[in-house]
Amino acid sequence: MNKTLPTLQDAVAGITDGATIMIGGFGGSGAPIEMVHALIDRFLQTGAPKNLTVVNNNAGNGHVGLAAMIEQGMVAKLICSFPRSADPRVFTERYLAGKIELELVPQGTLAERIRAGGAGIPAFYTPASFGTELAEGKPVEEFDGRSYVRERWLKADFALVKAHLGDTMGNLTFNKAARNFNPLMCMAATTTIVQVSQVVEPGTIDPEHVVTPGIFVQAVVEVANPAQEEDLNRANAHYPEVAA
Amino acid sequence: MNKTLPTLQDAVAGITDGATIMIGGFGGSGAPIEMVHALIDRFLQTGAPKNLTVVNNNAGNGHVGLAAMIEQGMVAKLICSFPRSADPRVFTERYLAGKIELELVPQGTLAERIRAGGAGIPAFYTPASFGTELAEGKPVEEFDGRSYVRERWLKADFALVKAHLGDTMGNLTFNKAARNFNPLMCMAATTTIVQVSQVVEPGTIDPEHVVTPGIFVQAVVEVANPAQEEDLNRANAHYPEVAA
Amino acid sequence: MSAKLSATQIAWRAAQEIADDAYVNLGIGLPEMVARFQPPGRQAIFHTENGILGFGEAPPAGEEDWDLINAGKKAVTLLPGTAFFHHADSFAMVRGGHLDMAILGAFEVAENGDLANWSTGPKGVPAVGGAMDLVHGAKQVVVITEHTTKDGKPKLVKRCSLPLTGVGCVTRVYTSLAVIDIQGGRFILREKLAAMSLEELQAVTGAELGVHGTVADLVVPEL
Amino acid sequence: MSAKLSATQIAWRAAQEIADDAYVNLGIGLPEMVARFQPPGRQAIFHTENGILGFGEAPPAGEEDWDLINAGKKAVTLLPGTAFFHHADSFAMVRGGHLDMAILGAFEVAENGDLANWSTGPKGVPAVGGAMDLVHGAKQVVVITEHTTKDGKPKLVKRCSLPLTGVGCVTRVYTSLAVIDIQGGRFILREKLAAMSLEELQAVTGAELGVHGTVADLVVPEL
C-alpha cells in the first residue's frame, strides 16, 4: 500500500467543478496553503475547478490560501462559522455584492456535523443555536426538559488537509493546534488528500500516537517546509504574485 | 492542581447505592480490576454500594473483576453489548434466574451513546438495529432514503477507568487496545476515577500524545502493576479468594 | 474433496475475494480464520471493533499481550502502520462507510439480504456485539456459513425466522456447498461443488436459487 | 478612579471570581484579557475552541508559533500539562458541560438571561464562531461588557433587540459600572461604583435593577 503522490499537481488533479471541498485549518493554522495554491494554479490554467462549495471554519485572510481561491471566483458557496479575520476583504466584498453564498454554522455544530458525516450519523441534536435565527427551519425537540435543535451531517467530495507526519498508509499526526478540523475532515470526505511536512515509512509513527488512521486518507503528498498564512499575510503576499 | 488519591479505598469511597457506573475495558483489556476489587471490598465491609447499574461492553468473565461484582449481588442492571465470554456463568445464571436486568445495546451504538453523553448530544440517529427487535419502541426516521433509529445519550454518576500514564492534572494515555471504551467513559461520567500504572508530573506526557485531557478526569490513583483479567482467569482466580 | 467444504475451506474461499489494500473487518469465530488465507501478494488491512487497524496474526502461545487483542478477545500482533483508537472512532470507521468489507457468520440469511446472526430466540442470553453496526457500515457485507444447520435445515431461507441483525444488508454468501450472490431480492448461484447437481443444492436451500449465466465449480484446496 | 472602569479593569474584576483549578473559556477580544489578572495563588486552566487546554500567555513578539494560537488567532504558549485535541473533542468539552466558566462579550444582555453578541442585524457579514455552543455548555456563563453603548444606550435590557446568541444563558454580568446577577428573570445588583447612586445606575440600565441585601462597592485597582 502506498498512498503517496509525487506532486501537488497530482494531488488536486481530480477535483471537479461543483464539488464540495472541506479545507482544513483554523485561520492559518492547519491550512493546506500549498495545496490550495496548486488548485488555484490548475484553475488559472484550465478554468477548473469552479463553482465549488467550500467548508472551512473561516473565510480566508488577506490574499493567499482560501482568500485567494475566493478572489479568483472559484467558490460559489462557503459553509463556515466565522467569516472574519485580520483582513477579510476578499470575502466581505464578494458577499456584500451577492457573489458568494454563505451558510453560517456555529463552530461546535460545524465540527460535530463534519464528525457525524464521517461517523455515519445522519443527524443529531445540539443545544447550540436554539431560539436563535440560525435554528430557523430546523426541527426542535425537548429532551429531559431542555430544548435542542436537530442538525444534519456534513460530507464532502474532497477534503484538503494539512498534517505533520504522514506514513505511506495514510496514518497522520498534526502539529499542535494545527490539528483543529483536520482529523474530522479526513473522516467526512469521499477523497481525502493530505499535504504533510514529511512522508515516513509505516511503523515510524508509534501506533499510540496516530491521530488520523490511514483508513480515512486516500492520498498523501509531501510539502517539506509549508508556509504559514500568518507569515505570508504579514509580508502582504498575494497568490498568484502580483507585480509590486 | 493535584487530582491524585493515595489509595484505591479513597478512590471508590464516594460511590453510592443505586449509582450508574461505567466500567472501562473490552473483556479484560482496559478493565480496572484493582479498582473493582476495592469496590467489592467496600461492599463486603459496609454493605454499600449495591443496586448498581453498570455500563460495560461485556458481563464479566470467570470470578474476578466485573464478574465478581455481579457474583456478590452488587449489580441490579447491566447495560452491555456482549454478555458472553470464555466463562460467563456468573452473569448467565443470575440473568436466567431473573436476578439481574439486561439492556442489550449494539456495540457501536453503546460507544456512540457514551460519547454523546460526554459531548452534550442528547440524541442521534444510527442505522444500527433498524428493523430489529433492539429498535422496538425507538423513533425511526428516514434521511436521504435510508432508515435510522434514534438513540439517546448515556451518562453515568461514576466512571471507573484504567489508563497507562496519568499526570496529576488527569491527562491520560492508554496501553494499546486497552484504550477501547475508556476515553469515552471519562467524558460521560460526573465523576471519573482512573487507575493508572504510573502517576507522572504535568509535562511528562507530550501534549500531542494526551488521549484523554484532564478536564474529563476527577481523580487518579496509581496501581503500579495491574493484573490482567485473562491471566487471573487462566489461574482460575476468584475474588475475594476462596479456599481451595 | 469431501461432500462439503470444511470451515477452513469456506474461509479460504472467501479470502480469495479480498482485494489488495482492502480494509476488512472479520467477525468473531469462523470469519477470523479468513485472514490466514489471503492470496500471495495481497495484503488487506484488518480492523477490529476494539480499536486496532492493521494488526497481524496471533503471537506464539505464551507471548500474548492481553492489551493487544481482537474482537474475539484473541491475542494479535502489531504490523508496521498499525493504529490504535477508541471505540467511538472505531465505529465511526464502521458506520461511516470506511470499511471495504465485513465478513460475518450467520444463523440464517434470507434471499432479500436480511441477516440473522445474534439471537436464537427468547431462551438463553442474547449477545449482539458489533454485528448490527457492521451490517450497515461496510461497503460489502459478506457471510460465510455452513450451507445447512447441524440437523440439515437450510440456513439460506426465504425469510429469516430468527431475530434479525440487519435488513437487506448481505450481498454475498460463501457456504460449505456454494457461492451465492444476493441481487434484487433473490439468491443468484455463482459457484457450486462440482459433485453436486443444481437440484441437490436447491433441495438444501430454503429459497429459489437463480442462475445468471454460468455456474462455476467451487474449487478449494485441501487444507 | 474615573467615572467608569476601563476595559482592563472590567477584565480584572471578572478575573477575581475565577476559582483555582477552574476550567475556563475566554471569548475573543476583551475576555482574553481576563487571564492576566488571576489572583495570586490561583491558576485556572484555559480552554480554547481550536483545541488546546491549559495554554499559557502570549510569547514575546517574534517568538510566535502560528500553530499554537487561541480562538482569537493570537499566539499563546505551552504550560506543563497542556493537551491538544481536535475540534469535535474541543466542543465535546464545551457542549458536554465540562467547562466551569465561559466569559463572553456582549452587544446586549437581557434580564431573562438572553444574550446577543454575534450579529448587529442584516447588514454586514455575520460571524458566530463558538459563542452559541459556549452559552449552552459551560456551567457558568458570564458576560463582561461596557455598561452602555458608545452612544450611551443601555446594553443591559429588558429584551434583546439584536439577534440572539442564546436563550436564558447568562447568570452574571461584569460591566464598566456594576456587577449584576441574573436570577429568576431579573437583574440583581451586587456591586456598583461607589461614586454612582442606584438611581444614576438605573438610568443607564434598560431593565429594573433588583437589590437583594447589600450592594457592595465595585472596587478595582488602577491598571
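We just call them A, B, C and D in the order they show up, numbering each chain from 1.
Here is the rule we go by: contacts are C-beta pairs under 8 Å (C-beta built on N, C-alpha and C of every residue); 3 or more make two chains touch, one makes a residue touch a chain.
The chain list, named the UniProt way, goes like this: A, B = 3-oxoacid CoA-transferase subunit A; C, D = CoA transferase subunit B.
The model shown is predicted, which means the values in this text are computed figures rather than measured ones.
*Asks:* By that same contact rule, can you tell me which chains touch chain A and chain D (CoA transferase subunit B) alike?
*Replies:* Under the touch definition, chain A and chain D (CoA transferase subunit B) have B as mutual neighbours.
*Asks:* Of all the other chains, whose mean CA position lies farthest from chain D (CoA transferase subunit B)?
*Replies:* Looking at centroid distances, C is the chain farthest away.
*Asks:* Please work out the Cα centroid separation of chain C (CoA transferase subunit B) and chain D (CoA transferase subunit B), and write it as a whole number of Å.
*Replies:* Centre-to-centre distance between chain C (CoA transferase subunit B) and chain D (CoA transferase subunit B): 56 Å.
*Asks:* Just how far, in Å, is the C-alpha centre of chain C (CoA transferase subunit B) from the one of chain A?
*Replies:* Computed from C-alpha means, the inter-chain centre distance equals 37 Å.
*Asks:* List the centre-to-centre spacing of chain B and chain C (CoA transferase subunit B) in whole Å, with centres computed as mean CA coordinates.
*Replies:* 30
*Asks:* Residues of chain C (CoA transferase subunit B) touching 2+ other chains?
*Replies:* Where chain C (CoA transferase subunit B) meets two or more other chains at a single residue, that happens at 84-85, 88, 91, 94-95, 136-137.
*Asks:* Mind pulling the chain A residues that touch 2 or more other chains?
*Replies:* Chain A, residues with two or more chain partners: 112, 115, 119-121, 126-127, 174, 176, 207-208.
*Asks:* What chain pairs are in touch here?
*Replies:* A-B, A-C, A-D, B-C, B-D
*Asks:* So in the complex, which bits of chain B are touching chain D (CoA transferase subunit B)?
*Replies:* 1, 115, 117-121, 167, 169, 171, 187, 201-203, 207-208, 210, 213-216
*Asks:* Which residues of chain D (CoA transferase subunit B) touch chain B in the complex?
*Replies:* Checking each residue of chain D (CoA transferase subunit B) against chain B gives 20-21, 23, 43, 45, 47, 53-54, 78-85, 88-89, 91-99, 136-137.
*Asks:* For a test of understanding, state which residues of chain A touch chain D (CoA transferase subunit B) in their complex under the given definition.
*Replies:* 26-30, 57, 81-86, 88, 91-92, 95-96, 102, 104-112, 114-115, 126-134, 174-184, 211, 228-231
*Asks:* For the complex, give me every residue of chain B touching chain A.
*Replies:* 112, 116, 119-127, 141, 143-144, 146, 148, 152, 173-174, 176, 207-209
*Asks:* Can you name the residues of chain C (CoA transferase subunit B) that touch chain B in the complex?
*Replies:* Those in contact with chain B are residues 48-52, 64-69, 73, 84-88, 90-91, 94-95, 114, 119, 124-133, 136-137, 163-167.
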